[in-house]
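Okay, so chain A shows up in both of these, paired with chain B first and chain C after.
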Partner chain A sequence: MISGSVKKRRVRSPLTSARNAALLLLPTLLLIAIYKYGPIGQAVVASGQSFSVAGIPLGWVGLGNYERALADQVFLQSLGLTVAFAAIKIPVQLALGFSLAMFLFQSTKLNGFFRVIIITPAVTPIAIVGIIFLFLFDREVGLTNAVLTAFGTGRVGWLTEPHAAQFVVIFASIWRDAGFAMLFYLAGLTAIPQEVLEASRVDGANSWQRSTKILLPMLQRSTQLAAVSTTVAAFQYFAPIFVLTRGGPQNATNVAAYNIYQQAFVFYDQGFANAMAVVLLAVLVVVTAFELYLLRSRWEY
Partner chain B sequence: MSSNSLTRRQVLTRGSLFGMAALAGPSFLAACTPGGSTSPTGAPTSLNGLWVPYDNLINASKASMKQWIGANVPVDIATVPWADWDRTIRAFPQQQTVPSIAIVDGPQLRGYAANGILKSLSDYFPKADLDDFLPGTVPPAQWKGEFYGPATNESSQAVVYNKDILDKHGITPPSSLDKAWTWPQFREIMLDIQKKERASRGDDQFWGMFLGQGNFIGGGTYTGLNIIRSSGKKGSKTFKAISDDGLSVAGYADTSEAYDAYQFLQDLYQSDQLTPQSKSPDFFYNNQIAFWLTNPDVAFSGIAEKAPSMNWGVTPHPYFVTPIVQTDSYHLGVPANAAHADEAAQLIQSMVSEENALILAETQKAIPVRRSLLGKLDYLKEANFQVFVDTVADWGTPRPLTPGYSEYDAVYAPMLSDISTGGDIATLVPRAVDQIDTQLARYKSLV
Partner chain C sequence: MSVTSSKQKLNHRTPLARAGSIIVRLLLLLLFLLPIYLAVVSAFRPNGDIFRYGGTLAWQTFIPVPFTLVNFQEAWALPNFPIQIVNTAVLALVQATATVALALLAAFALARIRFRFRGLIFYLILITMFIPFEALAAPLFLIVKDLGQLNSFWGLLLPWIAAPIAIFILRQAIADIPASFDEAVMLDGGSLRHIFTVVIVPSVWPAMLTAWLTTFIFSWDSFLWPLIIIQDPAKQLAQVGIVSLINPNEVHYGTLFAASLIVTIPVVVMFLLLQRYYQEGTVASGLK
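Up next is the complex of A and B:
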């Protein structure tokens, strides 16, 4: 018999209590608030100010920097380039990611090898990607032109002609990020019940019909995630442009992220640069919200 | 529960405190990072210097500091990546701790001075010193009558050539300034050599010349602008390249002579294909180029390292109407908010004294900052070096003097690059002029 003298331990504040949960979460929440949302808040505040070329705040200008940004032809052109860049990158990268995932979904002995090959560019530091492409596409000593001239064609100014430079920049971006999209699709494919695929085979569906009528619709969530990630990456694309073209030739690769960098750290126009960054963020939020709605999952399994 | 165990409350409290400390840690460490150390009496026990990652300059600077360090305190030198150099200096006023002494780029000095980033060193450099410093190094370092820091050495530009290739074609370039080639003469010679070499080699991987140090196609502002400015008469707007107050290039960078020179530059790359559309000067070391328009630092150290057996010579910079070579180099400055600014200024004073300026130049085999030393360094009398020295003495001109040089250069150099790679000159020049003037207008209140 349990003695009545044994005190029943009273848990005054269990770990599951809201207060303790909040206390445990506090450091993480603070980190996120300070290092993730803090800079965004700072950018919004700075976008309402004017700064000297030495970065000293000169005073409030209200929405003046936004008016400047929305009237600035170079910024509007860079926004247009960014949207065009994303519009090319997203479908190509998703198609490539899906195709590669389908290829690797078949179990062969070389699967592991191919996965490593395909994912390696995605984990290569982005500045290194820029340098690799610099060596590949230099007009005089690049490997690409060495191959082309061996076949008797003329040299192409890959990094010195506007359209060619745009092609190289998009190609570098898709080459690097295709592995990410593949991973999203591969994860989605492994989650699809085998019974569904077997049933489709029994019903006589060929591989094209299986891919387009069954797999793609069931991979809607993977597509949504890959599309949003690709969009964010496209809007933030900067490092290879910094290494390869510096926004040139003739502003042909001057995407919004590079243009903002130039205004902030080359021309030291901090208020203007922050206003442009906030506009870019707003455009990105609108585009991703549209994608999330358009690609919302209509299937449960 | 053992006595070492913690209660849940203690875990939660300490965990939260640890989290707070983790958040505050970086800021705390940043605040504690010294900008030179100080004894309890307030006297420095060491000074901190910020240099660029250029070994020649670092070694020469250390050699020139030895005397001062022996009588005073040690100097710790840190480096900043090239790409962050200007940005780091611009951020000095917002920093709690800054180096006591910094290497700054000569053409940028006016901007730093105008923005109060650097301390005036006029009290440490009397007129006698300024008169002895080579003339290309002084105006960029002056702002509103104050002097903000001496150069470590002086630069120059000339045409380095591969003697074996030229001998093969019977070409002997001039070595004195009065016989310097004009650009049209130079172009004809290059076209002839290039045609014959390409025919004998059986490929198109040979060019007449390489323009600049490899940072920019088109030579950048430092080298490419020589071509444009030389198309104007001395004192003309084309020659000046920028207004006297340094706030406008309209009417200076877009004169009819300048347009002709832009077209000439484009033809060098496009219709004549005399220059590779690449940033690698290695072509010269690989005997794929006859002439290389560059500065002595790059020429002497580059050839010694990459093509030590090359038989090479130097001929003066070509010109259209007026010979011109833009100069200037690395300067020494003291941040306005530096701790131990007085000691730092004395260190700079010592580094460019006659005795130490000689060491500074000799260690990096460069042109000294003081004209009184020109006759005291034997290597300057070597035939190849003599052309660079003569050029500085007779043709040396500072790059455009403006407090907004950084912004000017950031627009002008890519414009030259776009022109060289075949862009439409009639579109590119007005756009660049407009963009530069917009940026320079931000300095109006400071001038």
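Up next is the complex of A and C:
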């Protein structure tokens, strides 16, 4: 179909030149190799070594660091906390994001204003979010205890009682990321043909039925993407914990990312920390694969 | 027409539905705006008032009377705080610009030049989006240490400027430009450089803006990375500097929130000015 002469011209064209492509891609590929794939390789290598406090490798210890990690109660608990944290954050955040998207879908000025309000926490620097919640849940001057006091209940030590601290940390995380989930679903809704939305309305389906029975399956791809990116976010949740609880009280908020930070940069045990990082990465891969299987698309339009 | 149809819809709604809508909106304001509002109020009141009204529900809890700017003077006088703000701003500007420049070149190659393993290379770049680097900070630290980039601007910058999200956004935008434009430039005797400067760059500037803004916000958000690689307070970023002010025994919220407000305003203003691009960016990174 394509004549030989056209093909010949294409062969000489700079648009098929591997050399040009290599030149354009070289800086990017170099940086990605060093700084994105590098840490995975480095984690595997470093997990087999022991390190001095100054971070100098002292020698090979085989699987010693993994044996320590898998026997370490605090680390195992931190893995469990991370998975539990993700297991709560993901459904709540996705449900909230979906409801917000449904509520604010029509593009009016007022809805635009509310969308901006809901995304603002997502662009507020993460450590500042931590400070905002430190104040909100402060035992003496926080608004939550002011409200509780007004209702005659005693003050709660939000950040000093294990379950309360876990609640605050999860709440801060969902508060910050709800806007992302909303945007994913808004994008998904925009892609649904208008007739489908109209037809379900004419059928007299009330809005709850409409959203769950008709729209949610069509938004499977949004759900998938939001779930996977929320999982990654949950696995690297760090700054608010650093600001609010430092992993406490009694390790109740000591998630894996924080635990690894402590081992590497507070106790300077790099070998141990790297073994933990490899285990955490493996858990993340398993969890993500499970999610993608669970949320596999059954619907094409 | 759209105006009348939306008006009709409004008229169709029952008073109950309308009341429900108003209640939901109030709850949303309470949930998403009130925490930020209280932080802002605290930045403008004497520290003593934060302790006087913070733990109670009085109208003064929500209105900063008396009003003061003393917290801002104190924050600005903190050792290294002004230079840390400058560091944060310079890093965000340089990082966003370098990221977009690199991504534009890479995206151009990935969208326009046909070469072996193109799909595979794109995939290998893209999948790094899902690696949790907060969890891999320890090995990344070792790499940056071996490269001699600890405690330096390069150490803050280089690990992040090859950004899969920026490359993805720009590749999609470039792929949307008809290939016939390239052919036309080629027939006129133009080179690859001409295609890039005449066809590609002028058409994808909204996507460039989106990628730039996304990176700017991402950079401004840095916390763990500067915390572990920067030791010199004069080279530190403002977020880490502010958090180091927290004294668990007695938190000085007034100064803390004044400093937080100074750090937050530039990025929120940038977002508000360009929020359309930000929303499109988040959408684009998910759904094309």
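One rule holds for everything that comes next: the second predicted complex is superposed on the first by the 281 of 301 C-alpha atoms of A that agree within 3 Å, B and C clash if a C-alpha of one lies under 4 Å from a C-alpha of the other, contacts with A are read in each partner's own complex, and residues count from 1 in each chain.
Going forward, a contact is a pair of C-beta atoms (placed from the backbone, for glycine too) under 8 Å apart; a residue touches a chain by one contact, two chains touch by 3 or more.
The shown structure was predicted, so the numbers you read here are calculated from the model rather than taken from an experiment.
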### Message
Touch test for A:55: chain B only (first), chain C only (second), both, or neither?
### Response
both
### Message
One more residue to check, A:68. First (chain B), second (chain C), both or neither?
### Response
neither
### Query
Where does A:27 make contact in the superposed view: on chain B (first), on chain C (second), on both, or on neither?
both
### Message
In the overlaid three-chain picture, which partner chain does A:250 touch, first (chain B) or second (chain C), both, or neither?
### Response
first
### If touched residues of chain A are counted for chain B and for chain C, the larger one
C
### Task
Could you look at A:140 and tell me whether it touches chain B, chain C, both or neither (first, second, both, neither)?
both
### Message
Going by the contact rule set out at the top, does A:238 touch chain B (first), chain C (second), both, or neither?
### Response
second
### Task
Name the contact category of A:42: first (chain B only), second (chain C only), both, or neither.
second
### Query
Looking at chain A, which of its residues have contacts with both chain B and chain C?
13, 15, 20, 24, 27-28, 30-31, 34, 55, 138, 140-141, 265
### Message
Considering only the defined contacts, which chain B positions touch chain A in the complex?
### Response
8-9, 12, 15-16, 18-20, 22-23, 87, 90-91, 93-94, 111, 115-117, 205, 217, 276-280, 283, 404, 406-407, 410, 414, 417-418, 421-423, 428, 439, 442-443
## Note on the structure
The answer for chain A against chain C in the complex is residues 13-18, 20-22, 24-25, 27-32, 34-40, 42-43, 46, 55, 100, 103, 106, 108, 114-121, 123-128, 130-136, 138, 140-143, 145-147, 149-150, 155, 175, 178, 180, 183-184, 186-188, 190-191, 221-222, 225-226, 228-229, 232, 235-239, 242-243, 256-257, 260-261, 263-265, 270, 273-274, 277, 280-281, 284, 288
### Message
Can you tell me which positions in chain A touch chain B when the two form their complex?
### Response
13, 15, 20, 23-24, 26-28, 30-31, 34, 52-56, 138-141, 157, 160-161, 246-250, 262, 265-269
### Summary
chain C contacts chain A in the complex at 6, 21, 24-25, 28-29, 31-36, 38-39, 42, 50-51, 54-57, 61, 102-103, 105-106, 108-110, 112-116, 118, 121, 124-125, 128, 130-143, 145, 147, 158-162, 164, 167, 182, 186, 191-192, 195, 217, 220-221, 223-224, 227-228, 239-240, 242-243, 246, 251, 253, 256-257, 260, 263-264, 267-268, 271-272, 275, 278-279, 282-283, 286-287
